[in-house]
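In order of appearance the chains are A, B, C and D, and numbering begins at 1 in each one.
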Amino acid sequence: MIIVNFKTYLEATGQKAVELAKKIERVSLETKVMIGVAPQFTDIIAITKAVSIPVFAQHIDPIQHGSHTGQVLAEAIKETGATGTLINHSERQLRISDIDATIKIASEKDLVSIVCANNSDISVATATLKPDIIAIEPPELIGTGIPVSKAKPEVIINTIKLVRKINKNVIILCGAGITRGEDVSAALRIGAQGVLVASGIVKAKDQNMVIREFAEATKAGRVSFES
Amino acid sequence: MIIVNFKTYLEATGQKAVELAKKIERVSLETKVMIGVAPQFTDIIAITKAVSIPVFAQHIDPIQHGSHTGQVLAEAIKETGATGTLINHSERQLRISDIDATIKIASEKDLVSIVCANNSDISVATATLKPDIIAIEPPELIGTGIPVSKAKPEVIINTIKLVRKINKNVIILCGAGITRGEDVSAALRIGAQGVLVASGIVKAKDQNMVIREFAEATKAGRVSFES
Amino acid sequence: MIIVNFKTYLEATGQKAVELAKKIERVSLETKVMIGVAPQFTDIIAITKAVSIPVFAQHIDPIQHGSHTGQVLAEAIKETGATGTLINHSERQLRISDIDATIKIASEKDLVSIVCANNSDISVATATLKPDIIAIEPPELIGTGIPVSKAKPEVIINTIKLVRKINKNVIILCGAGITRGEDVSAALRIGAQGVLVASGIVKAKDQNMVIREFAEATKAGRVSFES
Amino acid sequence: MIIVNFKTYLEATGQKAVELAKKIERVSLETKVMIGVAPQFTDIIAITKAVSIPVFAQHIDPIQHGSHTGQVLAEAIKETGATGTLINHSERQLRISDIDATIKIASEKDLVSIVCANNSDISVATATLKPDIIAIEPPELIGTGIPVSKAKPEVIINTIKLVRKINKNVIILCGAGITRGEDVSAALRIGAQGVLVASGIVKAKDQNMVIREFAEATKAGRVSFES
């Protein structure tokens, strides 16, 4: 499983966001690897109409419908046809009570919750809140090209062990610094079930090639687990 | 000029947002009164495709494109075909340096800036930052059905006078508590150039009727000024 | 164990804060029940000089010394002679990464950390972050006079069970709505090791009487446990 | 007029904060130049007891007394004997409605308000809110050792002109990057009535020497104006 965070990159805004989603869908269909995208709010609906891969919001607010000008309502995300939402990305961090409330709102509206966590302790703490997916992303590696799976493999291995003691079912992704297929392989080898990537794909010179490399690495990882 | 803030009301989310925008467009075309809408981020693009009236975001973040997961980029709003954005609504208040930065970003991207202000002093302060439009909305009246133009006419009259001393060109709207045509008339009579409304239209039993009432009151106000 | 949160009540500001701390110390010495106080930042040093009971800050910021105008530095709290700090009170909530960082900073500076949690799930999540003390305070009961130990005894009983599975050592307080000795007894009976109180003592007509009532209830609870 | 911001520097925390305030008082008495200090909240009361120079809080919250755990109450600052407070420092920025509310609360409690502003536009905007003092501090120069009075003299000259058109009475300080007496002279020459400094004094190897240099430059500036 690969999730591509479009952030607010110009290369993944508006019409370019739709085109990138289509490239990703093509590779996903050909390789049969699940790849989701997390575009900006304004681009979600055009993407859910254009492709059939999972689409995630980058954030929702812990609110009910009503007087909340400028905030992001779970129902509005759901109605676009999106599959779920990122929560507590290191660029959009939340109070713990808001993470808890947002996971519950997402669950009520049948949206998949992906909570981002900066370190081992926060991964364990958020795992107790029962999100569907956790993405472990040390912020000091984001955008560096140094993959978490290489820089700190033992940290991820240990975090996964601790998270599993608390929560048997949560899917665990790892992120930050992933730019090559071998980074994806390394992440899978140490126990992650997928990756959360952004600039590695969005800012790649040849997006198609990198998407395919990531998908092939994911497929190979899966095969090696099964054998 | 009338701006309808859709907030995060369910009556103005998703398909219902598009339908409401169409109702508003019809009245706008028939009465030749300018009426804009401010829907949720996710609904903007469907609305700019469906109607030709001005569409505003409810908020943008004071960021440049890049690593800003979960935030709202001016370029993304511009690319939807939107006309502008609300800034500093009382339900999404900003630091003064962010209001300043957001007005400048909106101007650079050719988006009309509508800054909301809670009281007379803040109206004057924000007027010095040269937004295109100021909307004066005492938060204690929002959603009450008590129109600012009636509850505190002398406050608005005085505020408009002070704002004009500082900034000759800014368009001044008033908001909060406006539910009937006569509230719109009262607002125009005391010197506002238009109104910012939300529940008064969105939550009306007969939306069509109220929109028309507001438009007719605006038209009558305009005629009386010209004569 | 009883912790009295002085909040920003005028009855517990400045000279009155010192006097209240002295009343509390007198009862603590007489009853041999540990009672701590959490005054405003500005009053801490006068209180640590006047009394020998434990004194807690109401908040510290997750910062290191340096350029952080207007923030609260752990070293500064430590140098006043304070014992520890509240963290994430429902009136001063923090992002999860800041709770994690603040607990670690408190620990480094040898300050006791008391993390407040609003509900069962957040109590469990914060327990994994290894604070010294957790205070469970449903915000909907704060200031109501309805004690959590009566309104939702089964919630507290269940929360304590879940927290204990995760963290054997953390001390568990409960708070919100505690105004009488019997509320303290009820809290201890269902498994809390103490209470966090505020208006129940600070705003009492006869502060001395209420402090004594709370201390006696705590003592009686302790005796009944031991027998 | 010189204001020394102690920030959360270890060199100006606890006992060292009191000692630094005493050094500053000695120079102030000898040179008859008004020098104020802005220590951390926890150190205010020890400093107001030890010296008779003006003492400022680094921040107050826009609250009334009551249930505001972890926040800074104007009455509490007043009761320490402090003279006033910084507001909206670039390291503790506020929403515009909170700046407005805080200036009003400070005024009600007879505390001098010093609002910090990052650029020319924000200086003018905050001047309309009628604080007692404005401190213009471009954040890109803070801590650089490049004084605003040298890096951008024309910006300050122009800002002062614009602020004066709006508000005849506000005292204007400039800050950021001031490390030597000649920087103070330059600031006064271009029209500032004083300076806001931090690391230039707090982190100086010889604090006494730098304080004296700043005070002498201020005195010389004053004399040259009068002649």
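Before moving on, here are some points about what is shown:
Please note the rule applied: contacts are C-beta pairs under 8 Å (C-beta built on N, C-alpha and C of every residue); 3 or more make two chains touch, one makes a residue touch a chain.
What you see is a predicted model, and the numbers here were worked out from it, not measured in a lab.
Of all chains, the one whose mean C-alpha position sits at the greatest distance from that of subunit D is A. Look at where the CA atoms of subunit A average out and do the same for subunit D: the two points lie 45 Å apart.
Centroid to centroid, with C-alpha atoms defining each point, subunit C and subunit D lie 35 Å apart.
In subunit C, the residues that touch at least two other chains are 90. Taken as a graph of touching chains, this assembly is arranged as a ring, one closed cycle with exactly two partners per chain. Every pair of chains in contact is given here: A-B, A-C, B-D, C-D. Subunit D meets subunit B in the complex at residues 88, 90, 93-97, 99-100, 118-119, 121-122, 124-126, 128-130, 166. The touching residues of subunit D, when paired with subunit C in their complex, are 5, 7-10, 13-15, 38, 40-46, 58-59, 63, 65-73, 75-77, 79-80, 86, 89-92, 142-143, 198-199.
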